[in-house]
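Following are the structures in question.
What follows is chain A paired twice: with chain B in the first complex and chain C in the second.
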Partner chain A sequence: MGGSTVRTALKYLALLGYLVFLAFPLAWLLSTALKTPQEMASLDPTWIPRNPTLANFADAFGEQDIVGSAARSMVVALASAVITVLVALPAAYALARFRSTLNKVAIGWVLVSQVFPVILIIIPLFMVLRRLELVNTLPGLALVHVTFTLPFALWMLQGYVRAIPRELEEAASVDGAGRLRALASVVAPLLVPGVVATLLFAFISSWNEFLFALVVLKDPEVATLPLTLVKFTGPEGVVRLGPLAAASLLATIPSLAFFAIIQRRLRSGLMAGAVKG
Partner chain B sequence: MRRWSAALAVAAVVLAAGCSSGGGDGDGAASGEPVKLRFLSLAWQKESITANKQLVDEWNKANPKIQVEYVQGSWDNVNDQLVTSFEAGDAPDVIHDDSPALSGFAARGFLLDLSSSLPSELKSDIPQAAWDTVTFGDGKGGQGVYGVPFLQESQVLYANKKLLDASGARMPTPDEPWTWDEFAEATKKMTKSGAYGVAWPMKSPVNKVLTLGLNFGGTFFTTEGGKTRVKVGAEEREVLSRIHDQLYKDKSADPSALGMGTADPLPGFFGGKYAIVPAGVYLRQQVAEQAPDGFEWVTLPPLKGVTAEQGATSQTLSVAADSKHAQEAVKFISFFLNGPNQAKLAKGDWLLPTSTSAAADPAMTQKENFWDVATASAKNLVVAPYLKVDGYDEWKSKVATPALQEYFADKISLDEVAKRLVEEGDKVLERYGR
Partner chain C sequence: MTLTAARPAGTRRRPARSRSGGRETFLLLLPALVPVLVLSVGPLLYGILLAFTDARSGRNTETSFVGLANFGDLLADGDFWESFRIGMVWAVSVTVLQFLASLGLALLLNQDLRLRGFARVLALVPWAMPPVVIGLMWRLVYHPDAGILNAVLGTDVDWLNDFSVALPAVILVGVWMGMPQTTVVLLAGLQNVPKELYEAAGVDGAGVWRRFWNITLPQLRPVIVAITSLDFVWNINQFSLVYVLTQGGPGGRTRLPMLFAYEEAFRYGFFGYAATLGVAITIVVLAVLGLYLWRQMREAD
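Let's turn to the complex of A and B:
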């Protein structure tokens, strides 16, 4: 009895340590955002600002269109996440369930596309987008993001499909369900955690993406958040830390909200005991 | 293939309206609509952004037929951004950059030669030494002027006034600056337990070493018969060994500051850990903004070796060769960089104007925040020898940066660093020289 209490206490302690580790950067960001320039240059930094100020927020929001660019980032990230999943899902199912030589070729393509240096593709890609008149547009950027997230999303999803025992679908057909019915009633619900994980992955990849956004988007009216944040940096790595921290802090809120909404669907263990033997 | 078109179709449906914005504004001038110019600015300090925006507003009000759109870029990635824009023929009309970047763009025909289109007042207001920093080969055997130089920087010393006074060292003036020997003596005196005389932030050591190298006539490059080679002789070794001596012989420089970026030693400077920090004049802004109440600091003029000369580069405004409205762009630049406006821009960025009339502006010579010392240091600027070297960027990142970092970390000797800079460097330059 005593042993298990100690074990539980240790578990909570480890969990607490992990939480502190995860929360540290955010807490430090908050603290920095509220500090004066003098305090930021102090040799003995404190967690709680001695003279808290909102000047950094005023500077950040006064100079740059933080809210607008966050909204545009949100649109691009949501669109590319949804499109990625819509395109990858049927492909992943086909890859996982039907054995053919195409299968191996497709998987080989996924791997090769992951090791190709992005910088080599960027100019030709820009030319293609220009022809499609998608330069300087958010759909253009979303399309690029989809292209680059797709291979890994496909890889991820087909792993989830493979994890669903084929026997479940067979059992459904024995009970008289056609393939579509089996897909909709048996496979789809079990795939939800996989789809959510893939959505999150695609969302975050797009939300943080900088280089393509820099190349594709030209005007301030279409700039996404990473492009706006980098405006607080100067030459030789000198950074306006206060406004950057203030803007970054607010930039994390939409993605945190997206996580909070979607993470409840990230359950595992749905299939425990589904197939006997 | 079908997947691609599906993605495209879905993307178009999901995001259709409201997202896109007009890229091509066409040739509005013919139809009576105003010409639109895109101006990529790299201003990043608060006051500088304000000054830039004010000047653009002023222009737009006075010139309803030529409207300028202010687009803020970032020093961190401007050249990546420009390469793709140039290649795709979609570059901004007016481009803010610095002179080292212009040479490559000019040789590839991306920038407009401004030599015949600039007004004479602007030409004569900026000294030839500054024009030299933007004069490059056009890639076809000719020479051209590929930008208007407007802001320059010199390397000065920031000193903790209390520690400097206590050391008894002579206070240097622009007319009688410290020699490197006096500097070494002063930093020795200011080194006490837990406090160092100087912090050399050497995360990016190359430009600093090459700029200061001219103090002893060190050019690091020599061109004979059209072929450029790296040279590390006695002149070039002076500054290298003097900094190394401060680190390991005098122990008056903190080795742990070597990995720092330019502004990183400031907390230690304010905390009394470092008496002197060498850096560009623009760092005055950070020092003035971040210094704790009661902290007294001074800006000391550039050091003198055989001369006080430093290699200069310039911030520049250029016109894209592809611009549909080149004439209007030149007009805008001529307004933007006239004497009074350069003074405003220099003040916003805490840098030195190239314009002689701007340098005479009372704001540039006031004692407050050591503008007088900073502006006086401009007389020592000569065109940086590396500016005309094809392949310099590659030499800098692949050869010089790691070699100098290892030398300053005392991992290799002076002879070894010299050998690497020359032998590995010549191989790089050879490829560019063909």
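Let's turn to the complex of A and C:
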């Protein structure tokens, strides 16, 4: 009896340790976001802000750079998500429905694309974009994000297509519907959740992406949100940390929402490895 | 995805038309394959090709093949070896620590403890954060004046600018950031271990540790091998997090291979040389993975 009580206590202690380790940077980010500039400049930082304020969030919204770059991130993420899905969907359908060697090649490509460092892809892409005069433009970055997301989106979508019983399509064909009719009336509605999940994944990949944006967008006037956040604190130092923390929190909302939506699937491990850090 | 398993067994025969579907497959694949080929496969092959040239970033520079000269330069480049060493220290420590920490957390989350639901959600949060925000957040934690770490520890360390502390400090963030994926995967693995095995062991009177060593670990082995391999690949190719935290400083102490390659390519304009570095890292990754997987498979037999 005694042994098991000690063991339980130790387990809770370990769990508590994990909770502290996981939560304390988050708590500090929140705390910093709620502090006044005066308090940030004072030399003994405290967990609980002395005069909690939402002014930093208002400041973040007031910053031209942040609002503008958030809007640009949104445009790039939306465009690359839609293009990725439009391009991947037909191929995903074919990969799932027709068995061929292409199938294995495509799956192999998804794996291989994980092993190669992005530097090997970004240098040639940069050279191509430069030739097309697309460096420093949002379409250029969207194009790069499409290529970056495509292999995984393809893999995700073909999984969703595979999950739709082939018999449903065949039944529609027997009823005299052509393949296209069967696709439109039977497959399409069932595929909506999968398409939405893939859209969200592509959107978040683009919204969070940093290295490609750093290379493609040299001009601060076209910078996306991650670029602007990184360059936010200048020589002014600590005074600007509050708005930076607030803006960082706001920048996390889209991916947080995404994870809230798919977390059930995450926990069951189905999507394990789906989203790279 | 779960529907696949539920498909009735008797309907697996393939319809006749899929055999004649070659052209149709091709037509459907074409619109997606062309962009994938042009934008993804193509650049990669082009990138590998660049490793054997003296390509520079200038618009009107002549590019010519130099064979293996870049590889020779790379092997003679002290900065590269230092960056490579740091990259290996980083990738191996983060992968190992991530694995150990995540295994512990997954084992706890697999038990009937209070706060379990809360802990599961919290464990996912780092996954849901943009890498740039994670970097900025930890810069706030490590901040020498306004940071909480010095305040709590009563120290006065400039964590990210100190020559000896910077790399461990960055490694800690790497572990924090990568724990969710690893924990989720290991937890899923734990939940797939057949309960009967534990029941049989319980009858035999095996203790907690014996059960862990003799049942849990061997059953988890494939999952462990898969996730640590992936983690290693992701970690050695890490860029954004460390760029945001230190930009490779102080004095190159946290300059991971990808930061080194980025500087060579986009600060100094040596495209060919940076590509060589990318190819070299790929070779190392494949060699390490190959050795690791081969050893694991041999032991599993």
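The rule is simple: the second predicted complex is superposed on the first by the 184 of 277 C-alpha atoms of A that agree within 3 Å, B and C clash if a C-alpha of one lies under 4 Å from a C-alpha of the other, contacts with A are read in each partner's own complex, and residues count from 1 in each chain.
Quick note on the criterion: contacts are C-beta pairs under 8 Å (C-beta built on N, C-alpha and C of every residue); 3 or more make two chains touch, one makes a residue touch a chain.
Note that this is a predicted model, so its numbers are computed, not measured.
Colleague: Name the contact category of A:Asp59: first (chain B only), second (chain C only), both, or neither.
Modeller: first
Colleague: Is A:Glu170 contacted by the first partner chain B, the second partner chain C, both or neither?
Modeller: Once the two structures are laid over each other on A, A:Glu170 reaches chain C alone.
Colleague: Scan A:Val230 for contacts with chain B and chain C and give back first, second, both or neither.
Modeller: After superposition on chain A, A:Val230 lies in contact with both partners, chain B and chain C.
Colleague: Quick one: is A:Lys104 in contact with chain B, with chain C, with both, or with neither? Answer first, second, both or neither.
Modeller: In the superposed model, A:Lys104 contacts neither chain B nor chain C.
Colleague: In the superposed model, does chain B or chain C contact more residues of chain A?
Modeller: Residues of chain A touched, chain B against chain C: more for C.
Colleague: Check the residue A:Leu26 against both partner chains and state whether it touches chain B (first), chain C (second), both, or neither.
Modeller: In the superposition, A:Leu26 touches chain C alone.
Colleague: Have a look at where A:Leu143 lands relative to chain B and chain C in the superposition and call it first, second, both or neither.
Modeller: In the superposition, A:Leu143 contacts both chain B and chain C.
Colleague: Using the superposition on chain A described above, determine whether A:Leu15 touches chain B (first), chain C (second), both, or neither.
Modeller: Touch partner of A:Leu15: chain C, not chain B.
Colleague: Figure out whether A:Asp219 sits in contact with chain B (first) or chain C (second), or with both, or with neither.
Modeller: first
Colleague: Quick one: is A:Val115 in contact with chain B, with chain C, with both, or with neither? Answer first, second, both or neither.
Modeller: In the superposition, A:Val115 contacts chain C only.
Colleague: Does any part of chain A touch chain B in one structure and chain C in the other, and if so which residues?
Modeller: On chain A, the residues that contact chain B in one structure and chain C in the other are 40, 43, 87, 91, 122-123, 126-127, 130, 143, 146-147, 150, 211, 214-215, 230, 238.
Colleague: Please name which positions on chain B make contact with chain A in the complex.
Modeller: Residues of chain B touching chain A: 3, 6-8, 10-12, 14-16, 19-21, 23, 38, 44-46, 49, 69-77, 80-81, 83-85, 87-88, 90, 92, 203-204, 261-263, 266-268, 270-271, 273, 286, 289-293.
Colleague: Given the complex with chain A, which residues does chain C contribute to the contact?
Modeller: 1-4, 7, 11, 14-15, 18, 21-22, 24-25, 28-29, 31-33, 35-36, 39-44, 46-48, 50, 55, 59, 101, 104-105, 108, 111, 113-115, 118-133, 135-138, 140-141, 143, 145-148, 151, 176-179, 181, 184-185, 187-189, 191, 208, 227, 230, 233-234, 236-237, 239-241, 243-244, 257-258, 261-262, 265-266, 271, 274-275, 277-279, 281-282, 285-286, 289
Colleague: Can you check the complex and tell me which residues of chain A touch chain B?
Modeller: Where chain A meets chain B, its residues are 37-38, 40-43, 59, 63, 72, 75, 79, 82-83, 86-87, 91, 122-123, 126-127, 130, 132, 135-139, 142-143, 146-147, 150, 211, 214-215, 218-222, 230-238, 240.
Colleague: For the complex, which residues does chain A have touching chain C?
Modeller: It comes out as residues 7, 11-12, 14-15, 18-19, 21-26, 28-29, 31-32, 40, 43-47, 87-95, 97-100, 102, 109, 113-128, 130, 143, 146-148, 150-151, 154, 159-160, 162-167, 170, 207-208, 210-211, 214-215, 226, 229-230, 238, 241, 244-245, 248-249, 251-252, 255-256, 258-259, 263, 266-270, 272-273, 275-277.
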